[in-house]
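As written, the chains take the letters A, B, C and D, and residue 1 is the first residue of each chain.
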């Protein structure tokens, strides 16, 4: 007699080594597959309590959305406020912000690759347990992290939740000498970034490809971080002001984070892989060469390779930070603000992808409306879509643990930040 | 003396940005020396596995308590822990999540979500509203000096002497010109707990109290002074409700200029 | 005149340890570098260990000419004291001292001496008591009134028993709570209750007290009411101390530095200042 | 007319300092964001000699805000102690009369009682002081009331004294070291007229004080009124307990000690840093805090400076520089508090039957 196969469930409670709190449930029935990412991170209501706060606090509060990319949140916040007030910050301010944000992206990638991703492929529960056996990796991790954190510390005051970044500038401009010593610090760790790319490029990723729409910011002259236009790998580009028209945010009943979709097109991917796929041509030649060395070719449709894309961005970011540090001749500037009412939206490339902050200010500079969309919200639908494809491809009834492991790896490859996503 | 016993560590994250956990991980040059002395029992962001039953020598809590399950777990963890320290402003003072406390919860939920049925959120509370704590590592993110003090104290087997004076002390030790007097900026330094090394004033910026109040701070007197300096009532109110709206010391300043519910 | 330096550290070795009560232990110490270590009853040392700074602790023994032994009796209440509590014989401590002015040993001739102590406060008084016993023929009456919460919390139990039997000294021990049996046969009640019927000639009285400040307050007020003169009252004060040498400022009571002008004060010297419980 | 008094042109003065820079660290007032601070001088031209006052006095170069006392190494056999040994020679330039008095007060605290403070002695012995007579009076200073200024009227405890006479300085030397340093310059002796000018400047300045304090019976009055309502009222309505007053006071000597031990527990730096009686935990012991109220702490500050100091060290603890009230966030003024006590001396009034 034929037996009806039981629907199998693979579930992971409180996924470790990601930022924030989520469970994963994969239900495998006869015909269909049901995937839910239950982001149970409690909501903090930033969009709620930012209403009524003043423009000069918004940056400091905004940076507390995320403990791993506070500088990105802060910069986006400040840019949104400036947009609302019609302020165009000085080239020096933009220069320093780009530097800070890039340093942040590199630092965040380093943490993700070494602390969160690597243990999976080396068979350890965590990086701390791994450290004693992997002397070189440990050193690379610590030294690179240190060099990038120093950038935030010297320019921003502290690496996490910096304090010198305010609306229309910096409360203190670093001295040329300290910029140069930061640059020296980066020179020292640059070879380690190469080693990192080789290490990450060599990891045994599952053979897996999914058709994906990638979206990132793109700028005419530079590898876009804080300025640019939305660009899709499937064609099309929109200005930042068109964000509300092109993207929709939906609440789902099983997660505290909202899901963001491209109007009329559906899920899409943002982050390192999206950026590299779309802007590979804008990399420095050295980075392009490095990509070749680790056999990375664009376009790449394997989401696991987001890790490799991050490794390349580490190298690229360090070169660019070095350029920014050595090319600036710091001038004294005082951040002056003339309060004006109005709406303003800013979009930047945070480590994990597109980050959107939008505020409406009244004539005293007090927030009347706040809207935040984080990279993980943008990726949310796509992660589920990829998980589904992964389960379809790799599910073996006699070895469910293999799939479970692959699912975890896939989620981590996206480097999601659930704390941010539920802000 | 057997000093090399490894400390059984648990780290629990509640409602916050996880910055303090990163501060722990990023502990710069000291990370190796520190982790040599630690055995991780529960630290979800750092390692998979691990039980919340402990037993722990040291538990660090980051984040404010905003849902009932967190309070339940916290109470269990407290029982399994020899020492329990809240780390960072959210856990110590309610922090940024507690900004919402001066508005009704329902109003908050409606501002952010269309459907509010799945939400179980409550007002944000610091850890010591629910369980006894053995000290506070203040800061946003938590301060390195106090963290070093906590770890060396554990290794030595002594009670940690956390920094408990005002930011002004550190500011004067550094020789910064006082921003409140010299630049007439509304600096929160005089009522804020030190530990940051007077960071903001050293960068030419008024302290915005991210470490929360020092013990026995006279917030009312400072609020009056701000009023004399020409600040609007709502500006003063916001100053005292940004990072520690839960703490009595700051509520005294805020209450004069707005409702803290 | 070359004045002593503030950083004259010495190393002391623990020779022996006695458990006095659950939280109080006595330590016999000997100096490593010096053969002869002299100090007077009521003086104190700063005891330190790396990592926990220092704490002021009085001598609880009498100095003996030509040797380098001394005793400290320590209640475990904080960082230095709890680290010391975990030490064993042969453990080493950093000390600086002796510091301060002690009990009025010059004044005892022909006096009626009353010693009043509470809890671990007997420790600083013990060397003075031993000194008085040594000079017993020079003084008139000698009394010890000692109070603690329970008999178990009394320090120097062996001494207490000896003194109770001695002719040279009259003792009154009192406790708040009395268990079924105690070999010390203490009374129940506060020390102040037992100060009335002593055979003391007010014209030659000398009262020395050490204990919780609130106890000293009540003892002093009671004695003053009974007609004692203020200058006959000597009190041991306890304050926070970081240096012991009159520099750090923590131990100031008005114009007095407890570490250098004290820790033993005549009542009128300390009375005019606020910030005491006296 | 003292014999070691010379005239030095301001240009020559600068080039002399540049020469001295080879053997001393020069420390003096420079401008910083619209105020003046004592700082290490790299460029002699940065010196601003006609400054009014500084937030922190030159105290911070002798009694450092934070300094290591010693390092303790723990070995199985015991302890090894390394004290601070070498400190650079330094010359404090442009020290106003009040700040000079403040240093002499600190000398009494750290060197002249029963123990000599190791670190202070080391720094003090390696410090030369070049005092400078004031040219202006600030709205908050009252040194003339405290007998500490505006001109230096002492004859020892420092090395040089400058008086600004327009194009040149009158420079007087008060120590052997100072004489030796001046000798090679071959300066012209100052004549009588210059001293007349000095006296004239002094008299002019003395008449310009805005603030003053009557110190007759002050000690007794304050000690008799330790429960005066002014303490409670000021503490409640204005004092923040921030410690700024005592941090900027040039005579405050209180410090706290903190051990910084390495993670292997083998090496321990014992450091000290300025502490303050305004700090909540300052007088805390096991089971009690003898100044737990802000009122008690505020009273401690004022009565210490203006009363108990006299018994302790034979002089006032306040040299009338006005820093505490200027840098207090709520501008609490100890002279005003003292005056209020003087005006309503409750103890006296009670005794006389009026209260």
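Following the convention adopted for this analysis, a contact is a pair of C-beta atoms (placed from the backbone, for glycine too) under 8 Å apart; a residue touches a chain by one contact, two chains touch by 3 or more.
All values derive from a computational prediction rather than experimental measurement.
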Contact-pair count is greater, between B-C and A-B, for A-B
By Cα-centroid distance to the whole-protein Cα centroid, the innermost chain is B
Separation of the C-alpha centres, chain A versus chain B, in whole Å, is 26
Here the gap between chain A and chain C, centre to centre from mean Cα coordinates and rounded to Å, is 66
Separation of the C-alpha centres, chain B versus chain C, in whole Å, is 43
Rounded to the nearest Å, the gap separating the Cα centres of chain C and chain D is 38
Touching at least 2 other chains, the residues of chain D are 258, 261, 265
Shared-interface residues of chain B (touching two or more other chains) are 152, 156, 161
Residues of chain C that touch two or more other chains sit at 51-52, 78
Chains touch one another in the pairs A-B, B-C, B-D, C-D
Listed in rising order, the residues of chain B that touch chain C in the complex are 1, 152, 156-159, 161
Interface with chain A, chain B side, in the complex: residues 13-23, 25-26, 28-29, 31-32, 35, 40, 43-50, 66-67, 70, 95-97, 99-100, 103, 107-109, 111-115, 118-119, 121, 140-141, 196, 199-200, 202-205, 208, 210, 235, 238, 242
Within the complex, chain D is touched by chain C residues 3-7, 9, 11, 32, 50-54, 77-78, 92, 94, 212-213, 238-240, 242-243, 245-250, 252-255, 257, 260, 272-277
Chain A contacts chain B in the complex at 14, 16-21, 42-45, 47-49, 51-54, 57, 60-61, 64-68, 70, 111, 115, 119, 125-129, 131, 138, 142, 145-146, 149, 157-161, 163-164, 166, 171-172, 251, 253-254, 256, 419-420
Chain C contacts chain B in the complex at 51-52, 78-79, 82-83, 86
